[in-house]
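Handing you this structure, nothing more for now.
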Amino acid sequence: MTEFRKTKLLTLAFGALGFLSSCGGIQNSINPAGPNADSLSRLWWLMFYVCTAVYVLVMIALVIAIRNGGRKSDLNPVLNPSPETETRKRNAVLSAVTATVVILFVFLIYSYSTGRALTADLAQKNGLSIELTGHQWWWEVRYNDVDASNIFTTANEIHIPVGVPVTFTLRGGDVIHSFWVPNLAGKKDLIPGKVATTWLQADKPGVYRGQCAEYCGLQHARMALWIVAEPQDQFNAWRQNQTQGSVPPATDSQRYGQQVFLSAPCVMCHTINGTRAGSNFGPNLTHVGSRNTIAAATLSNTREHLMQWIVNSQQFKPGNRMPQNNLGQTELDALVDYLQSLK
Amino acid sequence: MRRTIILVIYLYLCISVAGCKREQRQFTAPPATFKPYIVTMSEIQPGSAGPPAPMQNPSEQRAYDTNQGKQLFQQYNCSGCHFNGGGGIGPALMDAQWIYGSNPENIYDTIVEGRPNGMPSFRAKIPDDQVWKLVSYVRSLSGQLPKDVAPTRNDDMNARRSEQRTKREAPKQTSPGEIH
Amino acid sequence: MSTRNVIDISELPHHGFDTYDPVWWGNNGLLAIETSMFAILIATYFYLRQNFALWPPPIAQLTAPLRPLPDLGFGTANTILLLLSCIPMAITDRAARRGDRDTCRIGLGICVVCGLIALVLRGFEFPAVYFRWDSNAYGSVVWFLLGMHMMHLLILTGETVLLFVWLLTREFDMKHRVDIVTIGVYWYWVVTMWLIIYAIVYFTPRLDLRT
Amino acid sequence: MSHGLTRKSELAQISDEELAAQMDRERAELERTWAPPTGLRGWLTDTDHKRIALRYVVTAFVFFVFGGLEAALMRIQLARPDNHFLDPDKYNQIFTVHGTTMMFLFAVPIVTALGIYLVPLMVGSRDVAFPRLNLYGYWVYLIGGILLYTGFLLNTGPDAGWFAYVPLAGPAYSPGKRVDIWAQMITFTELSGLAGAVVIIGTVFKMRAPGLTLNRLPLFVWAQLITSFMIIFAMPSVMLASGLLASDRLIDTHFFNPAEGGDAILYQHLFWFFGHPEVYIIFIPALGFISSIVTAFARTKIFGYTAMVLSLISTGFIGFGLWVHHMFATPIPQMGQSFFTAASMIITIPTGIQIFCWIATLWTGKLNIKTPLLFVFGFFANFIIGGLTGVMLASVPLDLQIHDTFFVVAHLHYVLIGGSVFPLFGAFYYWIPKWTGRMLSETLGRWTFALMFIGFNLVFFPQHILGLHGMPRRVYTYLPESGWGTLNLISSIGAFILASGVLVFIINFLWSRRAGEVAGPDPWAADTLEWSVSSPPPSYNFHNLPVVQGRHALWEATPDAPVVRGLSTTKRETLVTSVLDAEPELRFEIPGPSIWPFLVALGTAEAFIVGIFTPWAIMAGALLTGAALICWFFGDPNYENRPAIESPSKVASPPELRPKEV
């Protein structure tokens, strides 16, 4: 993807994030961008208006009651109110209860049908299938395909084609995490020893931010991901690129950077396809240069951030598994050159 | 009466704020000490092996570090040769026998410098603080650590009783010949 | 001179059996707590069972049986013993209501012996399960079930010993006659719980519905 | 009166002076008989339900303040994005300890405590049924609280959330002793909760004054009774959950280890099977407070007593059918989910009925608008919001969007603070005069209410929006780009207004202790029996036990209402009556002060606390406890044969109490 498109995406993303407090926003459950989240937000608005109405009515009743009762003020207790007031009260309460029952019934039916609609067609979703594994504190993304050569692994950034339903297979890597992209769908837990499935679909191209929604330890707050919805052709291009091995270093600096990578601790945890680095306890870095963010959608993927992250990741995500590395400036520059070249 | 209560509370606070090493979680490591070696032609090095190791290992007092060491032990595939401490390709780590010494600094050297007959050198591959975490875990395998610091069982197949329930072995020096 | 109704209770008794006695209610409250405890633990047992293809799971050793079902011997012996122990307890119960001190002494004595033997037998029941508590979830939950019940057996026996010693050393007063009746309830409860646990631990694996 | 027991007792021919003298003598004897031991020993051994209850209240309130301070720290941290006021490790400990404190060390104990204080007075008994069990409960609770906060101060505060989900709280991902401390603390508080429940059930069933049949029981007592039953069936579940968790962590069992057939979702079932009824355990007693306050300040009987009782009971039952709605995001069968949706929605009906009945009562009442009533109004305004968002959360699909977001944080605080803490403060303003004998300041009271009401809504209303805008729970910080800053700032400001409200209350209380106007027995002209005795009540509660003639004991008492005579004045006796109709059955002697409950509690504590570090401690603790219990059993002189403290003055019916034929 071109430098231009990346910056464009970045501005789009963080710009949009800025408007969260209004009704826009790329991490906002009432700003749906797909059928799944859309039906949910319709359900929400129905319940919201009905409940508001109920609340207002009850408050009015309360206020009237207070003004009515507040007028009389002597202290000797009423032990047997007149029968007709009793009947009036009984009727009032009974009708209120009936109203409650009716409303609840409506809610029940509507919510049940919505739920059915969302899960029923999960079966015949035969678009893209992605396997998502939660780790402390990042997302491992694996694109499945009938053709084994098209299977590839990436991290924290999921590209999907617009208008195509995408099914997710969710696995818990270590502790329980929860996959939640508010604009596209409700959340689903990733539980160790269990397999869950969910689906989502984006109707407008754009970037949508998701975040872990089940408390998962020290960096629960910094475990996010991006879903980049783009037109089919762009998606295909991206996917085509991802299935390739890493770009071989072109410049001397990049070559030196690769050597640094392979001789420094990086190699103990990360994979770069096409090199000797083949360990997968950290995110797969084969195409790290093509991603918009690092550190699980915490930092924009810029040169400065990369450098600071490599030297001391703990200042951004205290407790994350990436050790500190104090490389010399030359090595660092070279390493970052190399990493950024991995488009 | 009231005075006694106040006194009790005061003492309680004094004791409490003392703090607890076992639970310390230090995320920013002390600065590591290596420059990457771009080309290593030979494993043989002149002079004494490795950087001089500090006498005691701070990680051995921290349950969190030891637990990290346990995870690293799997991640860095130490279990590939030593299995869950029972040994196989490499010597067992949960018994009393130590070829190159059972002190933290000995184990540090073994990891950083490697040893003859197969133990690779992880110099420059594992940052110092992680090595120390591994060291304290390795020592917990034979019950050398206090029970409240040693790791508990992990969510995995039940291979051995957890380190915190391992009985303490009295380490003794043995020559490579005596193993298997 | 104003007059006023009075409810004169000065001639009411101090103690009554069963529902008259607040302690009886307290005791049953505690038993209700423990009953729901066991109910939930049993639910746990069957919940965990769903995760196993074979329950109990097979052991990968030639010496071990193909399906390591818990051995019936000691468990059954214990069951019979506990069932029989209800007879002396019932007799003691009646005697306590009658105020027959000697029968109570003898009955409680027998109950104490039964309790102690039951505890010993329980000691042999744990090995009869082919797994340890730390082998797998099956071992864990079975040990927990047996252990929880053993704890109650222990407390029950302990209480009985206390009452027994009291009867031997102190006077046979109304309060402790009521206590005997109350501990009777506890005794029957412990036995009933055991019958359920026995059936679950020893027999439900034998009639495995899924095979 | 139709009691077969009403009979002529032969008269002592004594003059009125002698009569008065005898009455005084009896009171003096009762004073001596029921006098608590003094000094440190008294502090450890006193079994008076009123003193134990007040200790519960004070302790729980202190924990409430601690929890509040933790909340303040969290709000400071979240006031602006990328804040570095707290590091994640501290933050996680703080929010875990906050939740644990508020649920286990504040909410349940304090609502039970009000029951322990008021139930015996409301049912006309001289003490609770099992005073020593009651005392044991308090000690265990106190030890549990101290344990949690010692851990917290030692940087060993639990950090896996108040729900401590496995595997995060399990052995592999929570090294150290933090979660063990959480698990044992749970066991302690649940023990005390269960003890309290048994005590209250025993008292309500057997200790009621003659004439106080079940269908005359004050709604407050009904609420306490139903809560106690819920405790009995819910709390074992969490004790089991924490027990299994501890054994997984300490002795390598595999209950929650998927690799060996364990199950992470099992823990969630166990926890929430308790966790949801817990909400009602906190909420139902509050309904009792409200009924009392509404009756007293609307100056009329509650409309629909029977409907109220039935809805309380059905709430108690349905409360057990909702727990899965905390787990909709987990992979569990859909059919099951729909069932729990239905249940979660249905439970709003009984609560709705009660709210409507109260409004109807206010409507036709003669309102005497004082601070307690204001807090009840606050309850309506806040709790109903929480109830309605609760209905939203009950819907599976919608829950998937707002579950585990700040929307839920807002919801649960509207339910718990709006539904329980506001009535609780109302209850404080209503009953503190009874406890201390002095009135709280009405002006400061109104200030408390205003500050708390505004502050509370300022804190939590914006959090609904934050949740919808995608802010998850339990995050220690958030990105500046997220745009959540403004609402979080508002929320943080509100937190301090809320806190100042609580501060005003504390000041008001301390001021009233010194300078508050003397309350007298019945400052509110209220209807239940506790207002018939002096404030604070004498250690023996009632000199002559009353006989109840209606649902509103004091309002419906006729001039010729009988009294109960014949209880010993030199032994701690009270009347035991039948469960349904409160017919007199026994003169039951209640055990007095004792050191053994404290020592047994210490034994339990040793077993559970040191047991974290070595299994042998459990053996030791068992032995200690056993020894203490043996002494408890043999240590007491046995009642019948014990010489009375002094020769009882002749229990006679003085002339003015001459029985009239009825």
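Here the chain labels run A, B, C and D in written order, and each chain numbers its own residues starting at 1.
Everything that follows uses one rule, which is that a contact is a pair of C-beta atoms (placed from the backbone, for glycine too) under 8 Å apart; a residue touches a chain by one contact, two chains touch by 3 or more.
It should be emphasised that the depicted structure is a prediction, and the values quoted were computed from it without experimental measurement.
**Student:** Quick one: which chain's Cα centre is the longest way from subunit C's?
**Tutor:** Centre of mass proxy via C-alpha means gives A as farthest from subunit C.
**Student:** Taking each chain's centre as its mean C-alpha position, how far apart are subunit B and subunit C in Å?
**Tutor:** Result: the chain centres lie 47 Å from each other.
**Student:** Where the CA atoms of subunit C average out and where those of subunit D average out, how many Å apart are those spots?
**Tutor:** 31
**Student:** What whole-number Å value describes the gap between the mean CA coordinates of subunit A and subunit D?
**Tutor:** The mean C-alpha positions of subunit A and subunit D differ by 40 Å.
**Student:** If you look at subunit B, which of its residues touch at least two other chains?
**Tutor:** Only 25, 153, 155, 158, 161 qualify.
**Student:** For subunit A, what residues touch not just one other chain but two or more?
**Tutor:** 192, 318-319
**Student:** Can you pull out the residues of subunit C that are in contact with at least two other chains?
**Tutor:** Residue numbers touching two or more other chains: 134-136.
**Student:** I'd like to see which chains touch which, written out pair by pair.
**Tutor:** In this structure, the chains touch in these pairs: A-B, A-D, B-C, B-D, C-D.
**Student:** Subunit B touches which residues of subunit C in the complex?
**Tutor:** Of all residues in subunit C, those touching subunit B are 134-136.
**Student:** Where on subunit D is subunit A touching in the complex?
**Tutor:** 87-89, 92, 160-161, 165, 167-168, 172-173, 258-259, 263-265, 298-301, 303-304, 307, 329-331, 334, 337-338, 341-342, 345-346, 348-349, 352-353, 355-357, 359-360, 362-369, 377, 380-381, 384-385, 388-389, 391-392, 395-405, 468-470, 472-479, 481-484, 486-487, 525, 527, 552, 555-556
**Student:** Quick check: in the complex, which residue numbers of subunit D touch subunit B?
**Tutor:** For this pair, the touching residues of subunit D are 39-40, 43, 89, 146, 150, 153-156, 167, 170-172, 175-178, 248-252, 254, 256-260, 613-614.
**Student:** Please output the residues of subunit B touching subunit D within their complex, sorted ascending.
**Tutor:** 1, 4, 12-13, 16-20, 22-25, 63-64, 66-67, 147-148, 151-158, 161-162, 164-165
**Student:** Where on subunit B does subunit C make contact in their complex?
**Tutor:** Residues of subunit B touching subunit C: 153, 158, 161.
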